[in-house]
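Two complexes are shown next, each including subunit A; its partner changes from subunit B in the first to subunit C in the second.
And then the complex of A and B:
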């Protein structure tokens, strides 16, 4: 595959979102030879996704704060000596560390004594009847549509779920000229109010909050706090969205009246889940921390995992939002420089102190936002027995429950028995629903466990992976006796 | 605590099949498994049930093992997706063709049920193969496969139905013998049994040490990969003259790719890890044989441990020096033969004459040999 040896660096950073891009810039400043890899065409990650070249910002409008922050992040990175390579999908990691990526020219192999994983998150959607209908999309997916394609998800949109993406998506739709039929929020106003003291330390957010409020008032968006979508109905495509009041744990109240809304699109998301497949693959220890998004790699104050010289940063290390993500990225880079013997202890302390101070100021808000997006275990009760839970393998809740009833104790055992999680989504779409259902029966998410990480981290193209080769050069393994 | 008639340590195919036959034979049996039944090699293997890739010395056992897989759905009550699809072994060079001719002549004589075919015939049977690259092939209409990931489910259901006790999540950490019974410590609990069957797969060495026996048990780390669902491309199990490839497409369209390419890992330290270079090598060979695979995507790959002793022959029978203790393991291609090997050992334990000879496990017993 790679006849010459791997290209070597001091530190490899995976993911060029706010966490990874800041880390690479900081590592370069600390004198490390650093490589930054991302599958996207540019740095910025999910939040600071650049506008595609064909879209220029609309006439007479100043770019929003996210676009400005993203441009600053990219400028700092470009001004540094960090080697950034885009359109590289990392598909496998080996201890020590080897990084295997698939790029425009095929498989690439890199090596470094230190590795920082800043791979971000994926969205949690707990299944409900009708969630697989066309017209139902994730909230996070909707931000991508709005940002990089400037496309509205529909004309009459219900926005539902949890956390700040609700506001971002609703505001984006209104800005694009769409109609938001309802904003259906799992949280109560009191829960949002808990953000206020923490937000006091983040004046950068006031403008955004004020902007959303104004947009909501202008667009007359009906708000349904402490409500959940209990069903989406067709035929063929979303036509009606049924919502009902819920308790604090997300479970619909027993006597709850169901309200039916007419809509042609439903954007729904129940929070973000840290992407841990890379740290799992490398054997790092993980902990279940619902308030930080779920399973995360155990880390110390400098973002070191339980595996030597393996670091995590950003929302993949526990949900905290973009600003803390960038700060934790910088801290992890400094820790790596110190652990590699490239930064003296005193120098490390001097550089880390201001980053830590700023992190402390932003941490409370990050934690409050993460709590808003935490899994509500009662939500899975809206899954009826015949609702599809695993879309890739066509498995209903009943089939999952039967396997649990027969004695599947742990999520990988359930996977072998039912094929749940074996499809191309690799368990990202169904994992949280299945684990919620199982935890309700076996006692805890810890008992349910995590999917065993198996390469590739995302499906990879057979042709690209195998590239050009000749039969004579296949590295046949030694055989056992016939 | 009433004693079980037998405790089987390790719930792979070897332990599960032994336990099931003991339970069917009227014994009170406990299966004690570290993780889950079928969580080791028996649940992650490639599921190939082909006689073309079996050693001549083991052919009669493989034939009987394959027969048992054919009736598993009926016997165990779980569909293991047993499919008779035929199997084809390919040689791409003259040297490989020569090796194929010699090996296959012996195996055909031993009952593998295959015949040699030309490249043209191979292309007729499976048009998706790169016919122009094939020099020679062998074919058997009898070859089959099954889905190994449901091994644990199948045996668990049958064991429970037969009244056996199944303890999962229970790693055995100590075995003591007193007053004609074994006391087994597993996952904080104790199990007492009059007979002991060690069936720990690649972890057998550790279990043997618990009864004071040292054996030269080694392991290989075999890799497998699978594609997403793709359009139907082929039916037969496709293999390679030197054993480096197994290809099969399931009813759901996924293609499973194996062939004994090696990964990394140490059973004592945890699960096996995939070696990227070897994964790519395995996939290249697959694509060389079947170019249309290039249009699919790989969704998953993994590695599992397969144990062996220096002569690559099984260890099955009573352990010398420890009364009422038995071992079963180190069977190469053991998924195919497991159901039958377990039946043979159970026959011996139940006091019957096994249908075929067992495999003296004491031939490598280093500690006892030295004593």
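And then the complex of A and C:
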């Protein structure tokens, strides 16, 4: 039996968030045969995630701005000729490009001369004692529970960390009838005010900020600016959350008074980290850019990476927010059409110019928000020695520090020695804490390096990969007569 | 715990968690159904043997892995189906 060949396209786009879905729509307009793949059942990414298909909005309830923007994105995609396939987990990529996905009916193989990775982000949560307790969840995950699943994370919730997700989660809990025990913000009011000049070009954002403020006042939410969670306590699940004042670098001040809050849920996030495993696996060059979330693929103004005909867009190409993500997706699609010889230079320039102009207008605010969510180095420095850092392998800070003390000088060496980052999350949850700790010892994040990306990018079910396999299917040559 | 004022959910379904029936609604993930039922502890960590639950809620961290018909799935990405039989994973068993 021979396996069927891959299904061929001009351009394959991975990730159907604002960047990927806009890119697919634009590429189709430029005349490319384009395939869009995503793990979710619908386009929109995490920011514009729709309600489950089985849910329906109640009469008279106006959809929020994110639901409206998501609906517009999905309508444009559906109206295009782009082939969109959902519930697809891309688990391996090869240059050229070959794309290996796992779908509802098993293994799928695709091929295209151009590939756009719009894989989004995962959340940075720097470890603290008790962060592994049930009831502690990420802020980004909390937005999914609130917006899409329509469930509260708890009865008494502490919302903590950095950036606009704080406001989104706290306001979402209040709107859903829940109780926010405290909003614990790493940033100072002055840091938030620095967004104001950049937000001046985006009146929609002023409305959102005003809405949050009103909701906080109505809900009487205690605000703790320049504070951080220093411990979550059980037993067995979150029962108490301890917070303390911090400096601008996120480190609790010496002799800082600790306040203990009673809560059954803690939603916490310290910013977003671009998901780069796919571009790393394909050998693209990456740069450490803390103001854009961390390591990102090196890219030119049209989102071309250092690998020919490999493009990046969206927050996975550097944190910038949903509106710039969509514009960068369109620009990458136009660049791909041009590089494939399907769009003449003049036509490319004509189509790209207005997208670039809009990008220039929105980029300042995106950059300001990304800076608010950038890693604060003081957070990791205060992790206690017996705090678990690697959740998958149950490794403490002491075990990691010991390995560094014994000579591990680079993150993959540490991985080989301790199994840190080798578990099912592949270093996505511990990576920022570990790299911060290591950078303090070896000098810089560049010296620490990045995890080596290897397939499968996410755990896959081996049975699904092999399908209905029997040894009779293997084309063994007949054995030679004895 | 479920937000009642904004949406009409899918039809009611019943899932079985280590043999105990738990009510849920079509469209919910297994993790949502368990959260709404007050079940936070989904597994035990492999070495320290500490309780763990849903953490990233978007399929990246693998902390919410449960078994469905013997298959390991992330509870936060797997939708409920009527009659679904779930077992919570304890390391080493």
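In this text, the second predicted complex is superposed on the first by the 467 of 482 C-alpha atoms of A that agree within 3 Å, B and C clash if a C-alpha of one lies under 4 Å from a C-alpha of the other, contacts with A are read in each partner's own complex, and residues count from 1 in each chain.
The working rule: a residue touches a chain if its C-beta (ideal position, glycine included) is under 8 Å from a C-beta of that chain, and two chains touch if they have at least 3 such contacts.
Because the structure is predicted, anything quoted here is derived from the model rather than measured.
In the superposed model, A:474 makes contact with subunit B only, not with subunit C. By the touch criterion stated above, A:459 is placed in contact with subunit B and with subunit C alike. Once the two complexes are laid over each other on the shared chain, residue contacts for A:146 go to subunit C alone; subunit B is not touched.
Of the two partner chains placed by superposition, A:446 touches none, neither subunit B nor subunit C. Shared-chain residue A:410: touches subunit B; no touch with subunit C.
In the superposed pair of complexes, A:424 makes contact with subunit B and with subunit C alike. Of the two partner chains, subunit C is the only one touched by A:236; subunit B is not. By the touch criterion defined above, A:100 lies against subunit B but remains apart from subunit C after alignment on the C-alpha atoms of chain A. Once the two complexes are laid over each other on the shared chain, residue contacts for A:132 go to subunit C alone; subunit B is not touched. Counting contacts by the rule stated earlier, residues 423-424, 459, 461, 463 of subunit A appear in both its interface with subunit B and its interface with subunit C. Touching subunit A in their complex are the following residues of subunit C: 1-11, 25-29, 32, 35-36, 40-42, 45-48, 50-63, 65, 71-72, 76-77, 79. Of all residues in subunit A, those touching subunit C in their complex are 39, 46, 51-58, 61, 122-123, 132-138, 140-142, 144-146, 149-155, 176-178, 236-237, 388, 391-394, 423-425, 428-429, 458-459, 461, 463.
Those residues of subunit A that touch subunit B in the complex are listed here as 1-2, 92, 94-95, 98, 100, 107, 109, 283, 406-407, 409-410, 412-413, 415-417, 419, 422-424, 426, 452, 454-456, 459-463, 465-466, 469, 471, 474-477, 479-482.
Across the complex, subunit B meets subunit A through its residues 36, 38-39, 43, 55, 92-93, 103, 133, 149-150, 152-153, 156-157, 160, 166, 168-169, 220, 227-229, 242-244, 260-262, 264, 270-271, 273-281, 283-285, 287-288, 293-302, 308, 312, 332.
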